[in-house]
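Across the two complexes that follow, subunit A remains constant while its partner is subunit B and subsequently subunit C.
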Partner chain A sequence: MSWSRSEPIMQIENLEKHYPLSGGLLSGEVGRVKAVDGISFDIHEGETFGIVGESGCGKSTAATSMIRLEEPTGGQVRYKGKDITEYDSTELKRFRRNVQMIFQDPDSSFDPRMSIGDAVAEPLIVQGMSDRKKREAIVADLLERVGLSASDMARYPHEFSGGQKQRIGLARALAVNPDVIVADEPVSALDVSIQSEILQLMKELQEAFNLTIIVISHNLGVIREICDRVAVMYLGEFVEVANSEELFNDPQHPYTRALLSAIPTPDPRERGLGVELKGDVPDPSAPPSGCRFHTRCPEVIPPENLELSQSVWRDVLHFRQRVRDSTLNLDSVAETAAVEEGIDTDDIDGDISVSDVPAETVITQLRRENNLPTELADSTANETLDKAFDQLARGDLEGAKETLEESFMTVCERDAPVLTEREGRQVSCHLHDDVTTDGSMLEADQPVSD
Partner chain B sequence: MSKQPSQTIGTDESTRSSNSLLSVSDLCTYFQTDEGVVKAVDGVSFDVQSGETVAIVGESGSGKTVTSESITRLFKSPPGFIPEGSIEFDGEEVNDMTVEELRTLRGGRVSHIFQNPQGALNPVYTIGWQLREAIELHQEVTKKEANEKAIELLTQVGIPEASARLGDYPHQLSGGMKQRVMIAIALACEPDLLIADEPTTALDVTIQAQILKLLKSLQEERDMAILFITHDLGVVAEVADRVVVMYAGKVMERGPVMEIFETPSHPYTRALLECLPSKGNLGGIPGSLPSPIDPPDGCRFASRCVFAQDECLEGPQPPAYEAGTADHVVSCIHYEPGGNPDIVLKSDATVSALDVDQMGVGGENR
Partner chain C sequence: MSVDTDPTTQSANVRKDADSVTFEDVNWDEIDGTARGFTRTRIAWYAIMGTYLLALLNDLFNRFAEGAYQRTVAFITDTSRYQVETPGFIPGAGPAEYPLVGEIGGVTWLWSLTLLVGVFYVAIPLYQNQRMTAYYWREFKKNKAAVISLIYLAIIFAIGLTVPRFMDPPEVEPVLAYQPPVWGSVRETVPIQCVGPVSGGECHGSWAHPFGTTHQGKDILISIVYGMEISMQVGLIGMFLTILIATTVGLTAAYFGGYVDEILFRYVDIQITFPTFFLYLLVVYLVGGSLFVMIIIFGVLGWGGIARIVRSEALQRREEEYIMAAKNAGAGGLWTMRRHLLPNVSNSVITAATLVIPGLILAEAALAFLGLGDPRLPSWGETIADGRSDLDRAWWISTIPGVFLFMTILAFNFLGDALRDALDPRQGGGE
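== the complex of A and B ==
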């Protein structure tokens, strides 16, 4: 094996993990959930790399598929220069020793009927160490290194607190002397004061054993505390990869910015929670076109010649999205409008439909629900919206769809941005394109964040 | 509205303002178990005025959830019981209420929302059914009126096209949407007090921000008081007007939010603020919670406190001494009249929470 220490210990290239969705008459494949959709990064020996994102972004799947706990469906993972997807069973077993994982929930990652001495020794047995005395000596040493005592060996998991169990989890992972540890939400189930204890312990162990650590977490505070480099993940893709300090001090991607500003600061003078991201993470089986974040992005690039403030523009886009997905239920809007306006609906037979309620009332309700003012700053946008509202009030959803589609097309939706290197960090956002695909120049300066 | 803070935490001499919406004094909630009596809440006092947000903050095992459940006696009884203490809601003693009166109180003037909206919604009924049930339980309405009210409520909590959502089952909604539905159900009877027990802990930060904003705007519209239970000091700083810091069944410190964060006075509060990730001070608080069955004498935090002296290990939990202002009280002997609070306040062992840069503020150095 030709691997030198100057090269990355693990290289992940275009890693993909898609889950097929079956359905239909013959249970054929009807779609794919793209949990991880082409992520790439290198990690060097002794480094701590973090992957952060909201639930459902694919970060845990990324962790399990990069160490072949789940077979990746595409891409390459090279460990010390060799592709792990081509390993035979002996090589895989050796790899399993070199790479260990610790899990979020310390309660469910131990067998309640197995003493913790046996639990920590189990990886040693699996890897073929048959000498019981030797195993016990290793376990005793490990327990002391993680801050417990050797005499705890005979005790059972229920006798320990959550933080202590997580320590035992670390001891178990270290039993076979691994090079890499993958920690999936290692402290999320613990209290704040215990969290910092475990993070401190991970740092100490990393130095003592020269470990490479990959940390998966939704908690940016945890990531900031222990990671050297961080990748921010959204819907199966990395949107930004940077050094920890740089990322936190000067986030470049709008998603990173939004994520950072959504964290409540422990300072009552700084209330407000910054930019609000509307809506939930979209369905990963049908990710949005172009930039996957554009459906929630607070900084979508407007088409040229459109003069709207970013927040109004965002609301217009949001409205268009709902019309397009047909998640807009006109009859329901009409019924809600009738309730809100106190219109007497007793003489209507059956369900209320859009034709039973005056057009202005429906339009007022539509504007209210979608947060759109009656008069927009931009006259073209105004006309388009008025036309679309009229069509909707007549029940013509398709017509409104076309009207909106023509006028409000943005580069963020048309073209997928690529993760590009820029001053030592990688960002995937059209705001950082020097030239858009239209050929028009965009301001390269990043927009003023909140 | 005049605020007269109670003078004590652990004793019964508290003098309270008569117009508090909720006033809890010297509350104890114990649980009978095979190993002995677990003193989950052991002498807790605080007030909630109408329209304000009070946050109870503490780690797991501090008794914050049991405190909130005691207010409407939601805990299972037996084994739970309240040996002493009083809970007055709008001048009425909750401990003396009959089961029937408690039913009217719960979901009527006092509503709860919980951490896990998945577990709190019934999976086999539509959300419309569950909303209508909450409305019909406390109000005399026709089915049609209940339906209209349900639509109004969903619209108010930011769920668009409400009438179409009424037929949805809980599994068809995302976590954030489910929590919005829970809030709608809790608001069904226009409560005066909303008890929110870790309402955003199970949600992502971006969704948490949405829910916190929603709660704030609903509170302003309705002049509703919120009792917020959380372990997250960031959330406390975001929403609270006043803060109650709990540890091992006791109140350690109580005061206005600005003072708690600017001059945290109890050694426990200071240690807790120090532990926040991004404070650059790893290591946690050494030691562990004292036994809730046989708590030690003296201050409950003494065994983990760097400022503990011999007196800290004797007698009952220290009474609530004033720290700075009348509204800010601390249960620590260093604050007794004639004592020297600078031992704690000026110590190098702790740094004021606001001296250090916080998470999420781009462009600043640590």
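== the complex of A and C ==
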């Protein structure tokens, strides 16, 4: 084998998994959900690598497609130097002995019609071990090693608790003596008290058998407890990859910072100081342009000529987003404005429209609704906003859209940042494009200026 | 976790000393090198199936292809006979003769296949996994009606399978027509000649014909015994064909999805709209009623609905993580379908199967009653039809086979109910 221990045991390069969206009359492809959109990382033997991210960011798909439980649509995965995406079915079957997976839901990852002994022995049978006595001895030994007893073999999955089932899941994964274990949310379905037991068991088994583990989780606590290195995933891409300790002590990407600040702390004085992420993860079939996180980022870089505090800038961006998506209903704004100002609307036929209400009233209401003060710190921004408000008050949504797009275009939206290596860690953010070599960082909630 | 520390660990240690293989010791290259071993049962199954197929092909060849073969040989060797006189279907020399059993007809071929599959895929696994069998039996016997049904059906099956082998079929004897059953009596004028004692103008039944005779003088007991085998044949062969095709199609469609699913189930849509009853009528009109044709038509064309049930159930199961886990173990489509999808849809399949059997038996009886069956076959439906015009004088001719038909169908329904409950490990706390 051409692989040596100093090289990574697995190398993932630009792994992609796109799902076609079919629709229309002839069920043609109308789009693609980019669940995993080009992720790359290396794992060394004995290492524990974590992938963390919100629900729907593609981390489970990354797990299944990196070991070809689902066929990746692009990229390469090299196991001990060999590209597994080119394996034929026989080679793939042998590869399953090297890499095993632990599943998220202990209730559905065991066939309710198959006894635990058969379930743990399944990989052995499938891989060709026809000696029944030998299989039984192995299964008995495995069950004891994960903390159950050999006599549990004849019992069925419904007779075990979630934690016990996850132990059996570990036993099943170990049965073929793999080198790498991919654990997809191994403890997220378990009680907190059981979680640490399972994590402890994973650690022990890792030490005993020199396992390489890839852990997928949305739970930063879990990741922190067992991972050596962590990748933070957002919308199918890695935004930051770093050593676990560095990542938790000194997060570089705004998204990582937001995730970390979302960890509940027992200290009552520290509550509510976190960075709050607004909105949901965007639709992966139409990811935002530029940096995918810019729609929710608390640290979007303003255009060079603007001097705004980050919170105001964020509000401006939200306002612009509403105008762009046409989620702003001018008529209902006008109606609210009319009610607030006590304008008599009885003589208006039908529904109130923008033209029925004085422009200043509408503008005041728009500012109020979007949390925008009448006077901004920056004069250019002020002018643009005034112009946009005027256009909106006249009912010219398209015009306002253009005005806002022109002057509030940010680099985050225009260009996609690349995951760049710096001091042993990788970050994908425009904030770090022009960082000086001394490593000084721009902090959040300070006026950002260039 | 309290369950983790278990007193049985001691016994497990003893076992480990005897055969201390652990997963780290396995040399997989060695396992790749060794050929897959077969169990003795498997070898026996392949041998028997091989013999069966050879014998069947020989029979088919004898029946249909021998003439054609000779013509082909003549055609190749002698070019002057270029003009083959009758094109198309050429009947062969006739059925093959086998030692011990002689000629084997279509229904017998299917019946023996069904029984072989029953032995190898039901009886032997039940015997080999005695602990599992005992568990299912404990669950099953909670349902008393089902136990009685099982005993009843076992008796019907055993008698139907054995007695016709050494007993002649019922014969027409007009002199002995209208004999009452042994416990009954009838006016002296009804039978031409009373076999039993006659007293007070009443002809009483006798043990010579315990269930009486028909208007042709056929013995009803013998008819019923023959009818047992026919009913079992119709029900079990039809069920076997239906379930075999339905589960294969349903599981394949659900597992592979996409075009496979699309093609298979658009075909099912077409097949379900196809009127099998009229097809059978057409065949009866062309070649006459036949049990073989009836079983084939209902078995091969009647599986659409069950295939749909299997598919929809399997589609749900397919999304479960254990299917992914099987793939993760390296399992292919066949393994996953047999070991995971099939057991998990077995509830639906067994329910459907137990409904198919009585349905087919009833259909056979109904067709026979309407005179659309093979009139030479002493099936229960035929016997019921025989007595239909004599209900006022000789009630027993239609009633006795009717009772057997009723009980059999009821028994299958009870059995299905109990099997469904017993086979589900999620019910009750099984140890």
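Here is the rule we go by: the second predicted complex is superposed on the first by the 399 of 450 C-alpha atoms of A that agree within 3 Å, B and C clash if a C-alpha of one lies under 4 Å from a C-alpha of the other, contacts with A are read in each partner's own complex, and residues count from 1 in each chain.
One rule holds for everything that comes next: a contact is a pair of C-beta atoms (placed from the backbone, for glycine too) under 8 Å apart; a residue touches a chain by one contact, two chains touch by 3 or more.
All figures in this text were calculated on a predicted structure; none of them were measured in a lab.
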Touched partner set for A:248, first subunit B, second subunit C, both or neither: first
Partner chain(s) touched by A:312 [first = subunit B, second = subunit C, both, neither]: neither
Touched partner set for A:128, first subunit B, second subunit C, both or neither: second
Partner chain(s) touched by A:397 [first = subunit B, second = subunit C, both, neither]: neither
Touched partner set for A:261, first subunit B, second subunit C, both or neither: first
Partner chain in contact with A:148 - subunit B first, subunit C second, else both or neither: second
Touching partner for A:416 - first (subunit B), second (subunit C), both, neither: neither
Partner chain(s) touched by A:161 [first = subunit B, second = subunit C, both, neither]: both
Interface residues of subunit A shared between complexes with subunit B and subunit C: 161, 197
Subunit A-facing residues of subunit C, complex: 1, 3-4, 6, 8-9, 11-12, 15-16, 19-24, 26, 28, 31-32, 36-37, 131, 320-322, 324-332, 335, 339-340, 343-344, 346, 425-426, 429-431
Residue numbers on subunit A that touch subunit C, as the complex places them: 64, 67, 69, 89, 92-94, 96-97, 100-101, 103-105, 108-114, 119, 122-124, 126-131, 133-134, 137-138, 140-142, 144, 147-152, 154-156, 158-159, 161, 163-164, 172, 174-177, 197, 209
Contact footprint of subunit A on subunit B as seen in their complex: 59-60, 148, 151-152, 155, 160-165, 174-177, 204-210, 212-213, 231-238, 240, 257-258, 261, 271-273, 275-278, 281-285, 288, 353-354, 358-365
In the complex with subunit B, residue positions of subunit A that touch it: 54-55, 161, 191-197, 199-200, 203, 218-222, 224-225, 248-251, 257-271, 273-274, 276-278, 280-281, 322, 327-329, 331-333, 335-336, 339-340, 369-370, 449
